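Just so it is clear, A, B, C, D, E, F, G and H label the chains in written order, and each chain counts residues from 1 on its own.
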Amino acid sequence: MNNIKPAVLTGEHFMNGDYACAEGALACGCRFFAGYPITPATEISEKMSRRMPEVGGIFIQMEDEMASMNAILGASWAGVKSMTATSGPGFSLMMENFGLGIMMEVPCVLVNIQRGGPSTGLPTLVGQQDMMQARWGSHGDYEVIALTPSSPQEMFDFTIKAFNLSEKYRLPVLLMSDEIVGHMTEKVVIPEEKDIKIVNRKKPEKYTDKYLMYKADKDLVPPMANAGEGYKVITTGLTHDEKGYPAMNAEAQEKLIKRLCDKILKNKADIIETQEQETEDAEIIVVAYGSPARSALSAVKLARKEGIKAGLLRLITVWPFPDEKILEVANKVKTIIVPEINRGQIVREVERCSYGKCNVISLPKLGNIHTPYEILKVIKEVSL
Amino acid sequence: MNNIKPAVLTGEHFMNGDYACAEGALACGCRFFAGYPITPATEISEKMSRRMPEVGGIFIQMEDEMASMNAILGASWAGVKSMTATSGPGFSLMMENFGLGIMMEVPCVLVNIQRGGPSTGLPTLVGQQDMMQARWGSHGDYEVIALTPSSPQEMFDFTIKAFNLSEKYRLPVLLMSDEIVGHMTEKVVIPEEKDIKIVNRKKPEKYTDKYLMYKADKDLVPPMANAGEGYKVITTGLTHDEKGYPAMNAEAQEKLIKRLCDKILKNKADIIETQEQETEDAEIIVVAYGSPARSALSAVKLARKEGIKAGLLRLITVWPFPDEKILEVANKVKTIIVPEINRGQIVREVERCSYGKCNVISLPKLGNIHTPYEILKVIKEVSL
Amino acid sequence: MSMNEIHPMDKLIRADRMPHIWCSGCGLGTNFICYLTAMEKSGLDLNKCVIVSGIGCTGRIPGYTNIDSFHTTHGRAIPFALGLKLANPELTVTVFSGDGDLFAIGGNHFIHAARRNVDINIICVNNFNYGMTGGQFGPTTPLDAKTTTSPYGNYEHPFNLVDLAAASGAVYVARWTSIHVRRLSKSIEEALLKKGFTFIEIISPCPTNYGRRNKLGDGLDEMKYYREHSIIKHGINPKEADLSFNGEIVVGKFVDIDKPTFLDNQPDMSQMSVNNKK
Amino acid sequence: MSMNEIHPMDKLIRADRMPHIWCSGCGLGTNFICYLTAMEKSGLDLNKCVIVSGIGCTGRIPGYTNIDSFHTTHGRAIPFALGLKLANPELTVTVFSGDGDLFAIGGNHFIHAARRNVDINIICVNNFNYGMTGGQFGPTTPLDAKTTTSPYGNYEHPFNLVDLAAASGAVYVARWTSIHVRRLSKSIEEALLKKGFTFIEIISPCPTNYGRRNKLGDGLDEMKYYREHSIIKHGINPKEADLSFNGEIVVGKFVDIDKPTFLDNQPDMSQMSVNNKK
Amino acid sequence: MNLSEPKNKDISKPPDYWRKPLDVEKYKIPHGAVHIIIERCKGCEFCIEFCPQKVFEVSDEFNSKGYHPPKIVSHDKCVNCKLCELICPEFAIYITEDEPMNII
Amino acid sequence: MNLSEPKNKDISKPPDYWRKPLDVEKYKIPHGAVHIIIERCKGCEFCIEFCPQKVFEVSDEFNSKGYHPPKIVSHDKCVNCKLCELICPEFAIYITEDEPMNII
Amino acid sequence: MKHIEIKIGGFGGQGIVLSGFIMGKAASIYDKKNATLTQSYGPESRGGACSAQLIVSEEEVDYPEVQKPEILMVISQEAYEKFTPCLVKGGILIYDEDLVNSVNNLPKETRIYSIPSTRFAEELGRKIVTNIIMLGFFTAITSVISYESMKKSVLSSIPAGTEELNLKAFQKGYEFGLEKVNGV
Amino acid sequence: MKHIEIKIGGFGGQGIVLSGFIMGKAASIYDKKNATLTQSYGPESRGGACSAQLIVSEEEVDYPEVQKPEILMVISQEAYEKFTPCLVKGGILIYDEDLVNSVNNLPKETRIYSIPSTRFAEELGRKIVTNIIMLGFFTAITSVISYESMKKSVLSSIPAGTEELNLKAFQKGYEFGLEKVNGV
């Protein structure tokens, strides 16, 4: 038994983002991982293949990403916290059954270490090109939760946060990381087990004939019965009523889809997290997330040194989108600059939420993160 | 040979939208169809299975939608116009390789007869819930062309238009129809063969050693060599250079992805089609597409009868989005109303493009189209 | 006749959902009751029995079963079931789905789960077509059969499902038809109690779509056909249990072997030392 | 030694892309040259020869081949190839890809294309792992083998690819190793000229990932191992050609039969009358 | 290879729990009371065709779904084999045990 | 079943086009001129190990990629079998036909 | 009659949608009017509720759904119950008297016509032509579609080889309808 | 030294990234500084261009990429050619003299240190420890990371059972470096 490590590796580690993500999952109780290798997310699988047996969990490498996604849904229904990890091509393949997770309200975590796309694209280089796909990639209407870490430490922390949100709101939560963060190695501090805040799914009362699978509480989230507990679970990807029975009509659809969306939208205040740096008096605000948020912070510091009133609004939760926060900022500043490693995705949301109140500038880049100077240059231009 | 029908069924037919789509494809030379049955798109497959052998083409029912998508890409590379048809769940599964089509620049047509989602949802009821997915459903950055017919006649006409655009701009074009239009039966007039305008892909000059697979012309579209013609085609889903060789760096990515997007964005004037009814003096404009555009037209007519200055802007091309047209309208009117069979998707684009210039109202509905009165009610409310 | 109209199976089904959606003469109801009977006889704790399906007429079975039941997406029942089983090995997990669901879109999951010998049970209703979407041909449709997408007769060779299952690694492989109610039920019971990946194919009438278009008469005629044309050949090489259009139907149990399951093969960490971890 | 450094194969490869990305000691280059030689000897019109792959180290082969070449997405080479072939039956279409590409994510397309007997040729390089992504186990990895995702030894049963191919309907099934350059090349030539769905498995060294982690030495050691441990058994039942870890490697041609292809079976419309169209 | 001969234990003969073997209740033929839930029936006629005792016949009546449910023509002949219960796709028939009939 | 015996036509023996059968050019052993494209070599040593005539040996030199290409130690022994050409993964060796050597 | 809305209801498998198709084709192709047919059905292949909705108009049809049908044709009790509440005042109800047996709660001034079409069809030897008999009946009773157009439409919409049977069925319903209308 | 940027370049398979990892771990975990390691590589598993970039800083590292390295350590000619242009004026170049043979076009005032580490490694019997020798050499030459921390980091980053060999290699490089620095 020597050299077998505990689930929570309390202490300081020099660790890459992918590994930190795996450790975060284990630390908050994830005991089922199903994945299919893909650069640059493979290291998560690799770490899990070594660690899961150590902590009595299951690691399985599936035949593809559709299988991986479904396996974690099944595992979660068996009452076990579960996760998968992939990158662009695999993310696309998971989208159909990500929708099943939304419809059946299954807590679990889906990690996307974004690389350059479309198609096979640039497997070894960074991208943030799946941000809109995270929101719209599956057919039908739904709302999602997506978090964007900027460092290995946050890969650890936000994985736990993702699990907590998924258990609380009963849906697959997206951790939208990128190749730079996933492959970057930095110090990761893992707290003691008792200091890790863990949220677990609500359980229903004892089973009676009157038990309703999908009767939501006030928070719009129904308590969850796991398989094997005697609740006679009934669930389907079809539109269904509170009993969980298929209900093939427009009224049932309105009711169900509205609740599924509202459980996110009405709890935005609880879900959304943003971070501000030097924003109080800022006239120019950079809105950023993921790895470019690091360049943006550098740029803002450089700009301040030059006396420019620049600030950073970092999105930690990109979805649900902080509409109100953006409008608040738009009302206050002259210009918003949005650097992204894509051709301008989240900037569209910023534009939408700004209602023309300020100037919105997209700073797209592909295949690499912006240097601070690239962002600084634009800050300077608009500060004139 | 008696009773075998020609490819172009010139004449008047009482035909449903799905069949009209199949006939449109055959009429403009589609000779390869690969599909997998799914309600409410199955009738397209069924019609193709009967008709393709009649016209010397290939109908194949694949094992799933990923296979269908790839089969049509292969067939198109063999020089044959090809198509597939599906609905939500299958559309999700096609997304990864839709991206391959974008990257390899393969002309073909992908039809989505939208039903209610997410997940298996409401197989037999209408939806327009995949409109954003059409734009963002595959990983990576790219631009798409998506058309939204409102009648069986348009199913015929727009299928031809979709093929023409796909051959002209070398990409898979989306026909985003819906269950109501697909299953609706109306008169369809099929013109004489000679009156059907057909665009075929540009061909490269005779092969020499210097031939470059992906060297674009001024229109940003490279001429296309088919397999078997001696051009030593080389193509990949990886980021590539003009030779078609993989190029694993940010510069190649910037260059390639920019061209792939620009060939759509810079040709928007040629691609985008909208239709206006009673808009000249309108103070309230309904922006609609697909089947609800029919309700919207009814509503506008009823409003006019009551002396309200209402108009209809119908989107025929939803993607690329008519940003400029919307801004133009927003500058002119008091209110834009957007009825959609979803929880408000395209309305977000309308909001984004209006820059707060006018009031934008989302009129979402699920599982059925709006009645004219539902739209009229809102028109009346905002006209006060 | 009693006034007390409670069918003894009503406790195992969601009786408030009756009548089910299946057509008159469809074999699915019969197959379903065979499964319920087997589960009851097996002595398994019903609270630990789980049923999973994809989409299709057959796929509606879980929704009518009064145990933990999962109606997943088309083709994905097996990986979903695998997740359930591996995460909680106490569960007895059965996938009950159609030929199209399991072998068209879902074929890859089938062969891989069989290969891994995950301890789940697969029951496939083979009605030679996609019933739910209106009767298209599928990977089990015989050559020349007419369906809505093979109007001139099917031109694809069908799979021999029992052979494919055996070649993929299943430890228990059997085939019955809907008329073999007792043998089928007993076979399902065996499979439920067997460790490892089991596969049972049920040849079943779809009068509405397949039967009608192929002039096989109604459901009753198909059932009679099975009674007359089935031949039991236990232990035969599954390769020789090919089905042909309107020909003899070989039924029986073809494979019943023992092999470590996916969970049996998991690393025993108590034995691990630093050396194993390189 | 000549000063004219033009390799005779340079006309068949995209020589300006040399050196290729494959590691020293990798079997892929050798397998590749066997294919090129076969194609040349076959007498086929090279302008009508097409090569298709998915993603992986093996999947890079098309990009180096100086004929129409398609590097598609992971797992999807077969349906892409099928589209090419059916849309233009004049083409000779070969899929050259890895074990993971063809049998993990792509497994379903394989069994279905074989079932349909689409006239394409599949060459699968089985290096027992996913080379390109850094050496994870896959569906052909032997039990107990170490890979980056089986650090304690692989606990999944592998497929016997030749058996699976045969059970799925392939009309030509053979297996060779990278050392069997002449037999392999001849076998590829046969497959190229054979009508119907053909399958050739090539056991091939991946010293960097699989070999290193399993103490098999470098590429040369693996090649020597194949030379010593291969045994040719033509015509053996593919079921008996199982591979085991570090054991005997049965090679040879196992299946060579004739069967109408997908295109052969297409309806002959000149025969159609109104009655057939009901 | 992995394929061994299947263990043909018992599925080749009809399982023994379906009815009590005759020798247990010697001289008595089990007898069942047949119950039909008319409204569930979809008129497939499986029960009519396959009941070994030909207990049923098609009736002329319709149920509210428009199907002709079976009617019992010779209730006395029922031997409680429960085949009808097992084969009816609609959960529309079940058998309860009745006093066995002496055949001596 | 579909499985018939494979036609074992010719792949069980080495194909005949690899070198001219000896009886064609009686009394002459074919002889090849060996060409190595040093810069392509990745030092796998396949050629060295598998050349039936042991024509090669590892050289001490490095090419610019840092690999040791083979060197020719007994050029005269080459019988133009082209195995090296077929087995070299790097397209780094090829053989041209040389004057055959008389062995009488 | 500038714009008329028709609803047909019954079970899946009764040829409901085909009836609507034949009517619509007659109106559209042969009578040269505008016709829009929509349908609705559930997950069942057979036996589930099913309806067809047809709008026949001299103008273009914008909104395609039927909201308040002027004519309702029903072939099941369930469809009767479900759809009669929508029928306009003074509308026409046509039904199969074998399958709809309790006719009540009707909107005011409804004109009611019933026919034992299932029985007639059984007499003709093929239950499957019930819907064609109904179509003949419909043609006699309403003036939405001309007799000639409807006949053409029937003939061009049924499987080859079944012309005679279908024509007989159509005629049977038509004549029965004429009798009803003319009060014979 | 508040913020220092280091770049390591060579071929895949040479342990480039591991070198960066060991340095970064030493700085971060044992020297208690901030360290950020990033890497870049191509599609090749072996033999392709590969580099590691390490920032060691007393402050938090925001932008993680190395733009103008103060220290460049290269183990292939290709890496030499590619990366030397970025080296800052007065920076340090460390290279393997067996694998980098033409050293020219260097930025001004570059301090150059070379070591035959591949040869040393072959002498130690395992070519694989080339990078550990380089690390020892690096430790002696620069003052970025303390000797003790680097040693601990080496020991905690290599496979169990290879401690002795690696320590020997590290020591070899370190001593050779000390000689160079002290001009012995």
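As a working rule, contacts are C-beta pairs under 8 Å (C-beta built on N, C-alpha and C of every residue); 3 or more make two chains touch, one makes a residue touch a chain.
This is a predicted model, so every value here is computed, not measured.
Participant: For which pair of chains is the number of C-beta contacts greatest?
Facilitator: A-B
Participant: Most remote chain relative to chain H, going by C-alpha centroids?
Facilitator: G
Participant: Using CA atom averages as chain centres, what separation in Å is found between chain A and chain C?
Facilitator: 37
Participant: As a quick test, compute the distance in whole Å between the mean CA positions of chain B and chain F.
Facilitator: About 56 Å separates the centre of chain B from that of chain F.
Participant: Measuring from the mean C-alpha position of chain F to the mean C-alpha position of chain G, what distance in angstrom results?
Facilitator: Taking the average C-alpha coordinate of chain F and of chain G, the gap between them is 82 Å.
Participant: Going through chain A residue by residue, note those that touch at least 2 other chains and give them in order.
Facilitator: Counting only residues that touch two or more other chains, chain A contributes 50, 53, 63-64, 66, 89, 96, 100, 119-120, 123-125, 236-238, 246, 248, 368.
Participant: Among the residues of chain H, pick out those that touch two or more other chains and give their numbers.
Facilitator: In chain H, residues 42-43, 47 touch at least two other chains, as defined above.
Participant: Would you mind listing the residues of chain C that make contact with two or more other chains?
Facilitator: In chain C, residues 22-24, 55, 71, 73, 75, 104-105, 107-108, 112, 134, 139, 151-152, 166, 169, 239, 259, 262, 266-267, 272, 274, 277 touch at least two other chains, as defined above.
Participant: Which of the residues in chain F end up touching chain H in this complex?
Facilitator: Listed in rising order, the residues are 42, 64-66.
Participant: In the complex, go through chain H and note every residue touching chain A.
Facilitator: For chain H paired with chain A, touching residues are 20-21, 24-25, 28-29, 34-43, 61-65, 67.
Participant: List the residues on chain C that touch chain E in their complex, please.
Facilitator: Touching chain E from chain C are residues 1-2, 5, 7-10, 13, 15, 18-20, 22-30, 32-34, 37, 41, 166, 169, 174, 179, 181-183, 185-187, 190, 218-220, 223-224, 232, 234-235, 237, 252-257, 259.
Participant: Taking the complex as given, what residues does chain G use to touch chain C?
Facilitator: 13, 42-48
Participant: Would you pull the chain F residues touching chain D in the complex into a rising list?
Facilitator: Within the complex, chain F touches chain D at residues 2-8, 10-12, 14-15, 17-18, 33-37, 40, 42-46, 49-50, 65, 67, 72, 83, 85-92, 94, 96.
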